[in-house]
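This is the structure I have questions about; it appears just below.
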Amino acid sequence: MLELLWIIPALPFAGSLFLALLGRKLPRRAIACLGAGSVGICALLTGLVAISFIGHTSSHSFTYTQTLWSWLDVAGFGPSVSLHLDALSLVMILVITLVSFLIHLYSTEFMIGDADYSRFFAQMNLFVGSMLTLVLADNFLLLYLGWEGVGLCSYLLIGFWYGEPQNGYAARKAFIVTRVGDTALAIALFIIFTHLGTLRIGEVMLAARDTWPAGSPIATVTALLLLAGAVGKSAQLPLQTWLPDAMAGPTPVSALIHAATMVTAGVYLIARTNVLFMLSPAALTAVAVIGAATLVVAGFSGLVQHDIKRVLAYSTISQIGYMFLALGVGAWSAAIFHFMTHAFFKALLFLGAGCVIAATDGEHDMFKMGGLRKQMPLVFWTFLIGACSLSAVPLITAGFYSKDLIIWKAYCSARGSVWLWAAAIFGSLLTSMYTFRMVLLTFFGPLRKNATKRPGWPMSLPLVVLAVLSIAGGLVDLPKNFGGGSALTKFLTRDLPSFVTAPGRAVHQGMFGVFAACVSLGGILLIELLMRSRMYEKISESPRAKALHSFWFSGWGFDRLYDLVLVSPYAMLARINRDDVIDYFYTGLSRLSRQGWRGLCATENGRVRSFVLGIALGAAIIIGLAVFL
Amino acid sequence: MTRIVGHVLILAAVLFFLGLIGVLVRRNIVFMLLSIEIMFNAAGLAFVAAGARWAKPDGQIMFIFIVSMAAAEVSVALALVLQMHHRLKILDTDAAKSLRG
Amino acid sequence: MILAGLILIPAVGGLLAWFTERFNPARPKFAALAAMAAELLAAVYLAAFRSGSARFVVPWIPRFGITIHLYCDGLSLVLVLLTAFLGLAAVASAWTEINERTGFFYFNLLLTLSGVTGVFLSLDLFLFYFFWEVMILPMYFLIALWGHENRVYASCKFFLFTQVSGLLMLVAILALYFLHGQNTGHYTFDYIQLLKTPLSHSAAMLIMSGFLIAFVVKLPSVPFHSWLPDAHTEAPTAGSVVLAGLLLKTGAYGILRFVLPLFASAVRHFAPIAMALGVVSILYGALLAFGQRDLKRMIAYTSVSHMGFVLLGAFAGSRLALYGVVMQILCHGISTGALFILVGGLRERLHTRELDSMGGLWSAMPRLGASLMLFAMASLGLPGLGNFIGEFLVLLGVFQVSPFWAVLASLGFVTSCVYSVWIVQRTIHGPNTRGWNPPDLSGRETVVMAAMSVLILWLGLFPRPVFTAVSPFVENLRQKPQSSAPAPESGRTTGVSRAVRGRTP
Amino acid sequence: MTAALSSISPLICLGAAAVLVMLLVALRRAYTGMAALTLVGLGAAFSTLPLMVDSNPHRLFFLMLNGYTAFYAGLLILASAACVAFTFSYLKEFERNREEFFILMLLATLGATVLAAADHFATFFLGFELLSVSLYSLTAFPSMTQGHIEAAVKYLVPASVSSAFLLFGMALIYAWSGEMSISRIGHELRAAHIHADYQWMVAGLAMIVVAMGFKLALAPFHLWTPDVYQGAPAPVTAFIATVSKGAVVAMLLRLFTPAEIQTGSTLFWVFGFMAALSMIAGNLLALFQENVKRILAYSSIAHSGYILVAFLAGGARAIEAVSFYLITYFLATLGSFGVVSALSTPGMERENLDDYRGLARQNPFLAAVFTLMVLSLAGLPLTAGFIGKFYLTLAGVGAALWPLVIILALTSAMGLYYYLRILVALFVLAPSGGDRRPKPPLSFSNAFVLTLLAVLLFWIGVMPAPVLNLVRAMVG
């Protein structure tokens, strides 16, 4: 079965190409079949490949590489188009194909009214294909191809409704900001190739371990550049600004970006290049700190948003922050675990939000919604499950297991610290609060807007499946004390370094767990209390809170800062220099020659006497030159 | 170079220069032609002096030659002056400024 | 013989086109199309069956040791292929745009192509200079006669820039000629002979700067770029295509073929300045592109930015960078050519090039929109499309030599992204405020776009043939500057040896 | 004596033709016949040139008779034949006496040939004056417009002054060296570096240079050029620009090449100064000029500057380069003035740029020829001018005249601007405000000569080797 691996990324590409070329001539049903079908077959194939791969489990650390063709082969630089399957990429593609398929399925109904139906699916397929290429890439260059492809698709899809200027703005912002990170990644690739002589990921890791001493500056620089790339794609501080705006795209796009593709690419990259990060403690610490800072910062911003999708966007930033935190403290598999559960519940939440938005005629503002619980029971219940999972409601949700693991490991890791743990815990509190603020505003309270549409089966089915997964997803890595065997962790540890516990910290795990559970539940209760007692409004009325509110609302002023420091000066420079200062030099020359012409023309005054004068003076000059020189 | 030849040459140069000044300051075409004649004759004088220095007849021959050529030139020039006066009604060269720019 | 044919086919085709106009003004385009198709076939034949190595030697002006020495190695071959392909595309793009004096138009277009082909094939420096000049004048006419509003100014500017620099190159060529002659007693313009000229450092620097100024102006690099936006903006579509796709490439080709092998040590000395210029071009060109209001002008400035990579890579002195340069040359030719064809199509439909009056055209013209998107992405260096390979290899190669410049140039990734998405935003995206509803690409345009798209994708995903073709050139260049052009094979030497034995003037 | 006479038979033919035409005119005025006779005379002179080459001894009647002289004489005679052909159609509708025009042209040609062949100050001066006096008369001859007379006056006065300079210079040289033979003076000059009174000699030479500079329209003696070129009838302008210049160039080379002025003589600086100034002033003055004849006048100033660059290179290469360049310059100049004269009549010269707007539409043949000629003047490829300029630059670089070569490159590029203006005018689509006056029909003689010139121009541009060899064989 493994030989079919190449079909997995190829199918979405093929689907995309086909739809792009012929899509406009096809009926909608055929487009839907093609668009969702290609990803569906992908998901099926991935399942088969996974079974076949796990069949090889007997041999420890089994990987499968498939070379399709030699891409370029020059002067010792020979990355080929080849795919690499190991435990990490297998888990990734499983989640990606499954969630993507569900989102595609959902979209077949959600987008049915759109004029550019085929374009939508073409781009969605391209998105999935790029992400799969990214994950399966055997070398950094192919990874970079997928990486950029994902960026392009995010640009295309965020700006899908390009008629609105702000959608275009959001799309551009997403593309350009991530491109900044991509450039850092490219530079990292230059360093890697220059110093290690290869771009094949496996070889790079081995070579780096052999040639770069731990903590060497070059390793640190490389790791930091990779981190910069990851930060761009995964919307972490300080490049997180594009993600909230990315909500301009259709809701399934947001789901795809947030849950299955794009933003998790950074997490994947760091996990994939763990050796480099392990060589550089500083970089790893940076990863953890960025993660911790991001999850808190984004949590605050999430708490004050009005737009339901923006809340989810900030929650994504925050949850990816958890993953970074996990990576930073060396809890590699925990990060991937959280990636998986996050994919499930975030897709669920977005799709649910999409149902709500569709039902309320495109209303995004939560304050204009309310009381939809009765009107859309299925959506409500599945959304609630997703929210619970996001808030890590203990025991029953997948999110609890993954997040709890991270919080705990942030403390007990050899690289962990109390501060990281505190940030994680505080983030957990914030998560619960903004999540349930969203739930309460949307589904409870007075009915402000009637739901006009009920989701049909293509939209409902993914909700149900994802809801189940959001609950049951935790089972794959159920820790020992809950009777599980940490299956995922074990599976991943074949390719990822194992977790190192700090001596003396690994005690009282149970107590920490209970505390974390209490915090998340407490957050829910707190927000419920605040909302019910109208304290929330009162607090937000006070001027100081208002300032804080608007500060958080605008995402901590990062946008304004970048605008002031980078965007405006660049645009202004471009505007001022539209006519190109250098050109003035040449126009100056031409003006000079015109002056010269005018001056010389004055000598041509048409008088015979001045002709003779010219001769006389000329004679004087040349006789002088000839005789006295 | 013998002294006397040098003196004559200087005289010729002075004459030449005077002729040149004449062409430069006079606007009337007839006077300009006169001044040019002076320049030619200055050159002729120089030739004669040079011939004297080398005690050869070449200088004198050249002088005769110059005089005859100058006559030819002046005849054409005077024809032109007539045309100028006849057609353009001017003799002032500065007034002939239809060609310029 | 086929090499002379490659040069003559467009020229003869152009003459034919001119004459057919007498009978029917709609006829010349068919003649031109046929000629370019024949040219492409000949080039493909050369590539396929002669494994891209052919030589043609005939004495021309023995008095000065000038021979008609044409030679086609891998580097020339890929560029000739590009010429034939873009020439065909240019003819097709002029199909409906040009209705005035069609015969003379196609004559000029094809003569330019003939000159460009000659530049790519000449191994005699005089012949090279000859073709270098041949291609400029018809291009001047193309701009000056069929251009837009400000055409006379633009064409003059183009002409003067290229001529000043070209004459300086002539002086440099002659200096080299005499230095070689004085050293060996053997006066010749033959490239292979001149490669062996021993040069003192200062002489090499001076002569190289003579060559370089011509190439850098043609490339163009900041600060010699200011002719380019005007020329491009005012030129008719076919002119822009040929200008951006081919004429700029002659500058790059000149650097690769002549500057690097002839002045290896001077190049090393000059490299920091050239690389700095390259980086400045990349960033400054991008800045200028972003500021423009006129779509064509904007794309013109992007060329400045892209050709900065060529300058940067050519002087890096790394093989990877050289491969990247070749790739960049090819792909920029195709992608910018395509963009100009698209802009020409837009202008034909909307009668404006102003970005302010465009917007939201994708829904009306999906095929054009998709093509524009594709080539805008190519322009920003999206992996999977050819331009990425070029830029990436250049930067990688430069990084091995000078990380500082590479990192600075990498900022070009961001700036190119900025202007590319801005192009997309202002044309096919955004609100359609003017209510445009123009017809989509016609069948002819679609075929051209499809061919170019396939090519750019092919170059992005399967670039190996190109690398295989140019690798002898690049490897030779790196190993031993003296032997970078192979000596003539035996059996064909008679012409050369007779020709290069030109007498001392 | 017969041998001696036969070796100067070209000169005799020219003189005889002039006399014959003069006599026949007295009998009967037959315009076509006289033109034909003139051409026959020129043809006879040309066909007897081989006798000049083979002449033995070389020096006869104060003339130097060898391949070099024959080359220049041939060039001048052919150019003058072209001018005669242009004149023929130019004066076709002219009602007053016109046959004398041919006499004057023959005399001017004779003068130019004598000048090119002169080996003595006497012949030098004789040729110089014969040429000048004929040209004054030719310029004023039609007297149809104020321009003709005015141009003649503007030519006559400064030309006479320059003749005076020439004479005075000759006198000084003679006074110093006792020598009036051109070839010996050159050698004297080379040896003169050590002599105490060297300044007298140099001053004399400088004065001769003034006169020659005037004829060559070198800056700073160029002021008369545009006015005379503009005012003179177009065929005469062609004559002034080619024949008169060519003869002086021949004399320049003959006088100064043996002197080897490039080896540290102050005259090198004199010529360098004039070359640089001519290139700059000529090109700059033409830049925004609106009158085609004036543009061509200024461009001829610049071309004289270019010629000096090669001249300064010295040695055999300089002679060859200059001679070859002169051929290309003659072809292009004759062609362009030929077009101007084909479009003009004595009463109405078509000389403004506006008159040429849209010519490509109205008369494609003339426009094509004019384009080719202008391209050649500009030194663009596929024309003789390209090879010519290449040769000049080659000579300049070969002698390492870097500043002059750089000025040559830069100014000739600047010059392209005004050549392009002419081209654009020819090809602009709508003749907006263009010339709608009826144009004279294209005569057969003009068409024939112009075609010949164009074909030659193109041929030399593509296959210069035969002409190069010819030049080398003749003047080398």
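Read from first to last, the chains carry the letters A, B, C and D; within each, the first residue is number 1.
Everything that follows uses one rule, which is that contacts are C-beta pairs under 8 Å (C-beta built on N, C-alpha and C of every residue); 3 or more make two chains touch, one makes a residue touch a chain.
These numbers were taken from a predicted model, which means no experiment stands behind them.
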Between the pairs A-D and B-D, the one where more C-beta pairs touch: B-D
Whole-Å separation of chain centres (CA-atom averages), subunit A against subunit D: 78
Mean-CA-position distance for subunit D and subunit B (Å): 25
Centroid spacing, where centroids are CA-atom means, of subunit A and subunit C in whole angstrom: 39
Distance from subunit B to subunit A - Cα centre to Cα centre, in angstrom: 95
Where subunit D touches two or more other chains at once, by residue number: 153-154, 157, 161, 226-227, 414
Subunit C, residues touching no fewer than two other chains: none
Contacts with two or more other chains, residues of subunit B listed in rising order: 20, 23, 32, 93, 96, 98-101
Chain-chain contacts as defined at top: A-B, A-C, A-D, B-D, C-D
Subunit C residues touching subunit D - in the complex, by the definition given at the top: 60-64, 100-101, 126, 130-131, 133-134, 137, 140-141, 144-145, 152, 155-156, 159-160, 163-164, 167-168, 170-171, 174-175, 177-178, 505
Subunit A - residues contacting subunit B, complex: 601, 604-609, 612-613, 616
Complex interface listing, subunit D residues touching subunit B: 121-122, 125-126, 129, 132-133, 136-137, 140, 143, 146-147, 149-154, 156-157, 160-161, 163-164, 167-168, 170-172, 174-176, 178, 180, 197, 200, 226-227, 230-231, 289-291, 294
Of all residues in subunit D, those that touch subunit A in their complex: 153-154, 157-158, 161-162, 165, 199, 202-203, 205-207, 209-210, 213-214, 219-224, 226-227, 266-267, 269-270, 273-274, 281, 284-285, 287-288, 414
Contact footprint of subunit A on subunit B as seen in their complex: 20, 23-25, 27, 32, 93-94, 96-101
